[in-house]
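Heads up, there are several structures right after this.
In what comes next, chain A is part of two complexes: it sits with chain B in the first one and with chain C in the second one.
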Partner chain A sequence: MSVSAIRRLILVGLLISIGAALSIASPSFLTLDNLMTLLQEASLTGIVAIGFTLVLITAGIDMSIGAVIAITSMVCVNFISYTHLPAYVFIPIALAGGCLIGWVNGFFITYFKLPEFIVTLATRGILAGLALIAAVKDDQGFVKNVFIQDEVFLSFGETVGPVYIVTIVFFVLAFATQLFLKRTRAGTNVYATGANPTASRLSGINTDRTLIGVYMFSGFCAALASIFLSARMMTAMPDFGIGSEMDVIASVVIGGTPFTGGVGDIWGTVIGTLFLALIKNGILKLGLSPYIQPIVIGGIIVVTVIADVWYKGFAEKRATRIARQKQALAKEGV
Partner chain B sequence: MSANSPLLLECKGIDKNYNGPMVLANVDFSLKRGEIHSLVGENGAGKSTLIKIITGVTNRNAGSIVFEGQSVPVEHNKIASERLGIAVIYQELSLIHGMSVAQNIFLTKEPLFAGLPIIDINKMNRLAQEMIDKYGFDLRATDIIDKLPIAQRQTVEILKALSNKASLMIMDEPTSSLTSTESAQLFKIIRLLKSEGITVVYISHRMEEVFDLSDRVTVLRDGKLVTVLEKEQISPAEIIRLMIGRALSEDESRHRMVKKEGEVVLEVEHLCCEGKLKDISFKVRQGEVLGFGGLVGSGRTELMRAIYGIDGFDSGRLTYLGKNYVPSVEKSIAGGYGFVPEERRLQGIMGGISIVGNIGVANLDAISNSAGFVSGTKEREKADKAISLLKVKPANPDVLVGNLSGGNQQKVVVGKWLIRDLKLLIVDEPTVGIDIGAKEEMYQTIERLACEGVAVIVVSSDLPELTRLSDRIIVLRKGQIIKEFAEGVVTEEDVLRAASGIVEGGTQ
Partner chain C sequence: MAKTKLMAMLTALLVTASGVATAQTSYKIGYLPSTVGQALTQAWRVGIENALKDKKNVTMQSLDAQMKAEIQVTMMDDFINQGYNAIILQPIDAAALTASVKKAESKGIPVITLNTDTMLPHAACVTMDDTGAGYMVAENVGKSLGGKGNVAILQSPPGAQAGVEREKGFRAALAKQYPNIKIVGAQNAQWNKDKGIEIMNSFLQVNKELDAVFAVNDNMAEGAMIAAESAGRLGQIKIWGFNGQKSTLALIEQGKITGTAYTNAYNQGGMAAKYAMDLLTGAKKKGAATEIIKVPPFAATKDTVAQIKAEDRW
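Let's look at the complex of A and B:
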């Protein structure tokens, strides 16, 4: 069995055992309501994490995702407050806005050959500021909390049966992205670009186009999550999503996509997202202070990364040993 | 020239200079269909440049290229040349790690389900396996690249080129990191390619290979075409004579080993490191140049890193200047070691920093006071001293080292040790990528240091260099000492034979 398969199995095992432990510890954990809320939480992070996974596979990083969430929610609220355009007009505009931001990121990264981290950190700052400026203000200039009344928009926060729409969208998007990565040429190019950009270019892959596409997708995913978030909260705030990078990065890293590029997939990210949401939900259900959440998440990132590095070293040693034994055997055969 | 002309490629009057001396001057080069054509010449003769021009990695200054009857424009590029059917099998392989053999072969042209943008993985694996079986390679289409040995990765590169319908394959030193069995397999593949009508350009320093394989040989010297040898004219001695421009006299290929009587500076006993080094013992004396030969991957660099203290080892004992010594980089430097690493750009220099800074960083103890503040004047004095000792050009200590030529960069790397109280200098591949003049200076520096009583360890793949410099040569193979040449005359061939595992008639 491959390393990633074992890793995944361990995570699923942990997921089930932690879930079982929580069911015993807290009577309100194993209720349909709580599980659906948990899934809804996971889906919001997860949608962003899907886009982020692709960026990470190309060995890049996107720090602007949180700010994209903020600006997108502000775009929607402004449409709702000042225009009478229906939701099915401005939602596509908001999503296109997310793509545009991603395109800008990708353009600066590829055309000017700037480091991904710096570019996206800069766009993050700019967007976070723009979100505040774009926020609807009252007479004294304070940010006004606009309650969304547009029914089409609000319906994004609804459920189909017991399942939230966002959860359905998350799993559909995950499935489609996984298919894209593993079964299309463009998806293969994403891996190749991350694994070895020089070899990819020599093989005829347009790595710049691949990178720009990946950042656009990341922006799109963040904008999509923003719409579901606003619909659920029935309002939008200019600080929506700011700081959510932490959860997203944690989900992807726990899911087994490393920062080195060329490796990773969406199922890992899905499991990582569920894992993280479970931990967060568990902290609440056990009645612990929500303030310890970031501490726990930070701790989990460190432990995961250490385990990965340790296991990688172990696996490499084992591989060389096996190779040597094989060689020795081959020699005896001669 | 029509498409069915016997010539596949015809280059005429190729000139190239990289804003300086002519690297290629009026070179003609032609290839017949389905021949194995060797391109030989000493380092710096212009082989790589000619290949780069043909493949479009760099542009020519003058001359014409006709490939398959089509004229190739000056503004040529790698992707266009691949489309024409020119493939290069790189030494540093250009495969994508983490992907399977089939994925690598079909990268960017994966078979799709009819009418859908979805890759048909089964079909891709099947097609790849068919190709593999057709050529009789020992591979599976689903193997992940990372798990294959270098020789098999090379095979994947060849398959990738074949799937591109390449009619010309260029192999640059393909056997440099292969074992002799693997090389033999590669030769079989090359002959197979020839029988398929594919033209192979073969570049190698190993004359026997050139002799065995080639239908024709083009000899380059100092950027000029010397001659093209037809099959019946090819002999190793003749090629070497043409490459060097004179026959190699007996004393030039043979070197007498000299026994030095100085005090032992470093003694290594039974050094072992799991998977890398096995029971290595040797001594190096004051004023002695001890050469380490062996093929790439034989453990030479690992040994140097271990005795300098970069990597640990499992067991064994070091005695340095009569005392038991457990190496660590800090202690080694303080104790009088100098280390010139193999990869100059990666490990030797800090390109974005001036000569002063590069020299200063290895001599912080000498240029700073007890509070840890660095004295700019002292730093400069040290740099000036190193520059004048080694004649670094330009002799301006503020120049960024990255802007110097390879030879001068290497001088800076050596220079930072030279100004210390040096007792042992370890030099890994002293002259890779530096020009002939600078090479000679480097040799003189090493010889001078030895005369001054420094113990020098030289690791080199360049056999003439190794035999010329060394007073004694130890040859490693698969992490073990396989042979020591301590006295008498040693020829380059002796060293190569030992390194390849051919010892006294038998193969080991």
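Let's look at the complex of A and C:
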């Protein structure tokens, strides 16, 4: 079995054992309601994390995702407050807005050859400001968080049977993206661009187009998550999603996509997202002091990543050792 | 033989019955403030704990929403899923928490909100009168300035309802009673002391004549005081805060801060806890509309601060 398959198996094992421990520790953990809320939570982060995974595979980073969530929710709430357009008209517009922001990120990164972190950090600031400007105000100019009553829009926060729609969308999107990455030429280009951009360019891959596409997809995913978030909360706030970047990054990194690019996939991200959501959900059940909770969450992330890095190093060393032994044996044979 | 069997059955029945009885009388109350790291939310917690202290069958758990509405909604879901019997909530935002409060109430969990009411009816809202207290502060400022001067406001983050209500009350009173007082600046200091220092410094640099500052909470008022003091202009500027936490009351006694709109937060937390218990024990019935319980504000200044007893300072 390959190294990545084994470490994925370990993560799944951890996921199941933590889940089992929690169901023993708290009677309310293993209830349908709780599991569905857990999946809903995971899906909201997870949809953003899918787009982010692609960015990370190209060895880039997208710090603007949180702000895209904020501005998209503001776009929707403006449509709801000031127009009579139905939700199925303005939601595609809002999603296109997310893509456009991604295009701008990608354009600045590729055309001006600027570092990804700087470009997306700048867009993050600009969008956060724009979200405040775009926010719906009351008659005295104070930001007013509108209570959304648009039925079509709110249906995005509903469930099909016991399962939240956002969860279904998350898994469908994950499946489609995984297929795209592994089975299409464009997907291979994403890996190639991350592993070695120069070699990719020389072998005829349009890396600029790949990069722009990846950032557009990241923007799209964030915008999509924003709509589900607003529908769930029945409101939109100009600071929605800002600060949630860290959860997204943690999910993707726990899932085994490194910052160095060229490797990683969506199933890892799905597991990573579930893992983080499980810890966050479980910690609330244990009755710990609120001061301790963030420390425990942070600690578990650090331990997971350390164990991961250690295992990867160990596996690589073992692989080289075995290869050397084989070589030595082969020489002796000669 | 038959007798022992009957006895055993009776005992078993009794045990189950008493088991059911204890299950019914043991309650879990959840306390979910906007953040746990503030004097006000800690004082509420103490007030709640004191009110529940002699009730052995009640457990209380608090969670930290870290000032993010998304996190608070998640935590509300968790209280609901865990089958808590009542929730005491300080909504970060009225609109954002409405759906959660509705969900809890539809599952028979009464929600008592602190300071911020939500858009749909629920059990009760125990609130400081934010608008009224803001109005009261403005009247005091106006009087002390003789109806003329320059005033600046240290605001709460955009969309934070409690802070906005305070500011609205303040502005309404000035517009109505003291039209000659000019508001020369209003900036968001994010409820924070250090941000308060930063914003106050910029106010001091821009305005050579600044007569009063209203900070919509005490943390920011303390920040403003530090900035004014280091600029050597503390004597010329009246600083008003809001909430009345212990440290600010001490600074009022020292004459460094002019005043604050004090509320007895211990009492407020206690009232919320008592209301929750009354609903759970059936001493009170839930009405169709939200019962609004107003905790009156008190203008604490150097002259009046002594009236606040040591045990009521938080």
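Annotations
Please note the rule applied: the second predicted complex is superposed on the first by the 319 of 334 C-alpha atoms of A that agree within 3 Å, B and C clash if a C-alpha of one lies under 4 Å from a C-alpha of the other, contacts with A are read in each partner's own complex, and residues count from 1 in each chain.
Assume contacts are C-beta pairs under 8 Å (C-beta built on N, C-alpha and C of every residue); 3 or more make two chains touch, one makes a residue touch a chain.
Given the structure is predicted, the values throughout are model-derived calculations rather than measurements.
Of the two partner chains placed around the shared chain by superposition, neither chain B nor chain C is touched by A:V160.
Using the contact criterion defined above for the overlaid structures, shared-chain residue A:F147 touches chain C, although it does not reach chain B. When both complexes are overlaid on chain A, the residue A:M233 reaches chain C alone and has no touch with chain B. Using the contact criterion defined above for the overlaid structures, shared-chain residue A:G243 touches chain C, although it does not reach chain B.
Look at A:I24: by the touch rule set out above, it reaches neither chain B nor chain C.
Of the two partner chains placed by superposition, A:A5 touches none, neither chain B nor chain C.
A simple residue count on chain A separates chain B from chain C, and the partner touching more is C. In the superposition on chain A, A:A135 contacts chain C only, with no contact to chain B. Of the two partner chains, chain B is the only one that A:L202 touches; chain C does not reach it.
Those residues of chain C that touch chain A in the shared complex are 36, 61-64, 66, 68-70, 73-75, 77-78, 80-83, 93-96, 98-99, 119, 157-159, 164, 167-168, 171.
By the touch criterion stated above, chain A contacts chain B in their complex at residues 179, 183-186, 188-189, 191-192, 195-196, 198-200, 202-205, 262-263, 319-321, 323-324. Those residues of chain B whose C-beta lies close enough to touch chain A in the complex are 78-79, 82, 93-99, 103, 107-108, 110, 112, 117-119, 121, 147, 149, 160, 275. Residues 26, 28, 31, 33-34, 37, 41, 132, 135, 140, 142-148, 157, 229, 232-235, 237-241, 243-244, 280-281, 284-285, 287, 290-291, 293-294 of chain A are the ones touching chain C in the complex.
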